[in-house]
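To keep things simple, chains are lettered A, B and C as they appear, and every chain counts its residues starting from 1.
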Amino acid sequence: MSEPILRLSGVHTHIAEYHILQGVDLSVPPTGVTVLLGRNGAGKSTTLRTIMGLWNASRGEIRFAGQDITAFETADICRRGIAYVPEDMGIFRGLTVQENLLLATTSGRFDKERVDWILSFFPALKRFWRRSAGTLSGGQKQMVAIARAIIEPRKLLLIDEPTKGLAPIMVQALADAFFELKAKDTTILLVEQNFNFASSLGDHVAVMDDGRIVHAGSMADFVESDSLKDNLLGLRASESPNSHV
Amino acid sequence: MLKHLFSDDPPRSRWLTLFLCVLFVVLLSAPFVWTSARALNTAATISIFFILVASFDLLLGYCGIVSFAHAMFFGIGSYGAAIALHRFGPTWSVLAGGAAAALAISAILSLLIAMASLRVKAIFFTMSTLAFAAAFAALVQRLSWLTGGDDGLNFRLPEPLSSGHIYFTVPLVGLDVTGKVVLYYFVLFSSLAALLILLRIVNSRFGRVLEAVRENELRAEAIGYRTLTFRLAANCIAAVIAAWAGVLMALWSRYAGPSTSADFNVMLNVLLMAVVGGLGTIYGAAVGVTIFVFAQNYLQLALAAVNASALKLGGEWLARLFHPDRWLLWFGVVFILCVYFFPNGVVGYLRLRRIRRVR
Amino acid sequence: MTSINPPSAIDASAEPTALPGRKLDIAPFALLVGVAVLALPLTGSVSTWVTLTVAGLAMGMMLFIMTSGLTLVFGLMDVLNLGHAAFVALGAYVAATAAGFVQPWLASTSSAMNLLAVASVMAAAVITSAIVGLVYERLFIRPVYGSHLKQILITIGAMLVMVQLMLVVWGANQMQLMPPSFLRGVHMVGSVAIERYRIFAFVVGLVVYAAMMIVMHSSRVGLLIRAGVENREMVEALGHHIRRMFVVVCICGSALAGLGGAMWGFYREEFSASIGSDVLVQILIITIIGGLGSITGCLYGAMLIALCANYIGFLAPDLAVVSDIIVMMAILLWRPNGLHPVAAH
């Protein structure tokens, strides 16, 4: 197996006196989608935030593309090539869609080809281009958030629960976008509660519980193994995989 | 039994315990040891300001609430008693009425301010209290027909509390026990009572919840405490105690005026005393007040001396820097240094040293 | 496996229609107009009303200039700087000294020389405030990022020290700052007299507001600030070192306060070191009711406070001391996040 693009070794994160991450060992392969699964409160969002430097790891090491970024500032981590889409999308409601996207560019100008490519799977963005982002619906905001993350080519995308609260049609749109990204060799680390979405998209899976990774492997194996799914997620084997997407 | 009296919250530092014992003995024996009015005045001031600063510590040190209106309630207490005694004559019922009115107004006003400001971010509460305090100071000046404006109010106390009234036909241990002496001990024991009451409050379940709210309000709410109620209660209690200190101040000096109760200087003094003494300790107030009272008495003298020698040396700028009128400058510098280097105040520092030594 | 529908299935018509553009919020503006209109019959006479209103508008602009720096610093950096008012005093004092140097220009009969003199005095105030602001940020702001309590304590102490140092440097006497002949006196409109300086103050304020809006909406820095006021973390996550901008914003805030102080000094003509602390409470109230980090909100708030202070001061002088608080309470009951919030958090 080739060198992972992102490796967490023994990462601990404390927030106030809460010990959220208790020794996370995670390897994200350099291509495809790695899905981070786990029940609420397992520490998935905290993991993403720690990678991004928004919370400081109290112990352990985070290596990205061979470099130790554990103590890096958030802005530098972004410039190294990691984009982050938080759970609440982090959209600037007072800014227009165009301004939101402009903020994500390093040069302050758009690359026309890149924008056209994004518009090819998010055509609705063209209509909202000059609209204030605060007036958009949840699904539209999510489009903007994802678009913002990919307006500059990045090596790794950290995405936190993108399908939460979205209508099925939007979920489909997101799935299409992610497939496009996969085709362009962008690595994605995805936190997702929607198992069907995750399993259709994911190539690799890591399961978290109580601040630790308790299982890591290929998605295909995971989906096949009822016992794994049962033990780790409490999903029953009879559940239809078509209920969401 | 002593432990229970102090609500299981001992000084936790040998130096602090020593200091407090010495202070108490000195204050207790003051009328007998010193005959000068100035010394007795200093002693009474220490007691009164202790009550004011300790109640401020309840708000700031335990609740994490910065209220610039605290000195305002001190002023309300002062003026409440003063206006009543000035207008209606020196009788007990007037005194009781004035004090009760002042305490009631303080309680209600503190609740109103807290309720109005708690809809918005906590930091805005602080800014609101500043606005209210400023309005109060302006109001005191504006309603000069009631408050005596800049001159303040002078009045007489009920006969049994006046210095002319002598108890006991013979002197007690060489002291003529006058009404003033009785008043002094009333003030002293008020401050002792305040200490014990505040210790009880902060060490009760109520006090623990306040600290929890200070640390993490969301979590306290999640656990189920109605944080708003607790904060309102803390505001109310602190305001009433501050008003009580104001009443005592008016009684002791037989005067109420803006410079002693409504000006922003008073609030700044309280802030400094609390920070220097040590926030979140209650005992810190005693330390801070004592240091401050002595410093204030002697700082201006010291500055005048430096100023004089600077002038002699021909350094005009140096002289200006150390002019006694500029004592606020040095006050500010000391204040800033305290916040930077002694964020836990003297008491915090002493307690930390003790822990480190024990280890 | 899942079915992948062609992208054309994503159609906005399936989503609830969003409102077109940004809803233009005219409510605060309507409020201002409403207050002014209401005051007219209460005042009784048109000329008195005009005088009060013009005074309110002028004072409002000056308060806006003074407060804009504070609201930006607070909104962007989450730093409460109670020492902001000291820069107002500094600006006024520096202006008074600078006016001494350009006295011949100020006294000249040529209006061009007059304006040049005023501009240079204002420039002196701005530059000095910016330099002192740089030192101030290093000494008093940087060490206390993240702790509101420490910020309050330190900046109060800093304000004390600054004002006292000013007294050491300039002495405890009253300062004089006379506007030039071109800006003195009144301008007659029909039977109503309007003070020239008030018109000048209003125009300057408008220019400052326009300049700030242009910077905020047409430049990259402005974009970063507007986004940073909403969500600092996300701006960093998009690759910007927003902390480095803090110093610049802080210095601009101090410079603006200095400018406001200089304008205010000309208006007052004679003042002492308390000129700053005199407006501290109003500045804080305006920051609260305007909405943190909102320049337009700050403008509305300043206008409202100034107009109400003037009207109430005339109609019910006894209430004047509490007019600011009444306005603050009323606005907060209506819009707890401020008149023109950046984004309701």
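What we mean here is this: contacts are C-beta pairs under 8 Å (C-beta built on N, C-alpha and C of every residue); 3 or more make two chains touch, one makes a residue touch a chain.
Quick caveat: nothing in here was measured; it's all calculated off a predicted structure.
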Topology of the chain contact graph, where touching chains are joined (line, ring, star, complete, other): line
Higher-contact pair (C-beta pairs counted), B-C versus A-C: A-C
Mean-CA-position distance for chain B and chain A (Å): 55
Euclidean distance of C-alpha centroids - chain B vs chain C, Å: 35
Whole-Å gap separating chain A and chain C, where each centre is the average of the chain's CA atoms: 41
For the chain C and chain A complex, residues of the former touching the latter: 1-5, 7, 9-12, 14-16, 18-23, 220, 223-224, 226-227, 230-231, 233-242, 342-343
Chain C partner contacts - residues on chain B that touch it in the complex: 60, 64, 66, 116, 119-120, 122-124, 126-128, 130-132, 134-135, 138-139, 142, 264, 268, 271, 275, 317, 320-321, 323, 325-326, 328-329, 331-333, 335-336, 339-340, 343
Parts of chain C lying in touch with chain B, wherever the complex brings them together: 80, 140, 143, 148-150, 152-154, 156-158, 160-161, 164-165, 167-168, 171-172, 277, 280-281, 284-285, 287-288, 318, 321-322, 324-325, 328-329, 332-333, 336-337
Chain C partner contacts - residues on chain A that touch it in the complex: 52, 54, 73-75, 78-79, 84, 86, 90, 92-96, 99, 102-104, 106, 108, 120-124, 127-128, 130-132, 134-137, 139-140, 148, 167, 169-170, 172-173, 175-176, 179, 196, 200, 241-242, 245
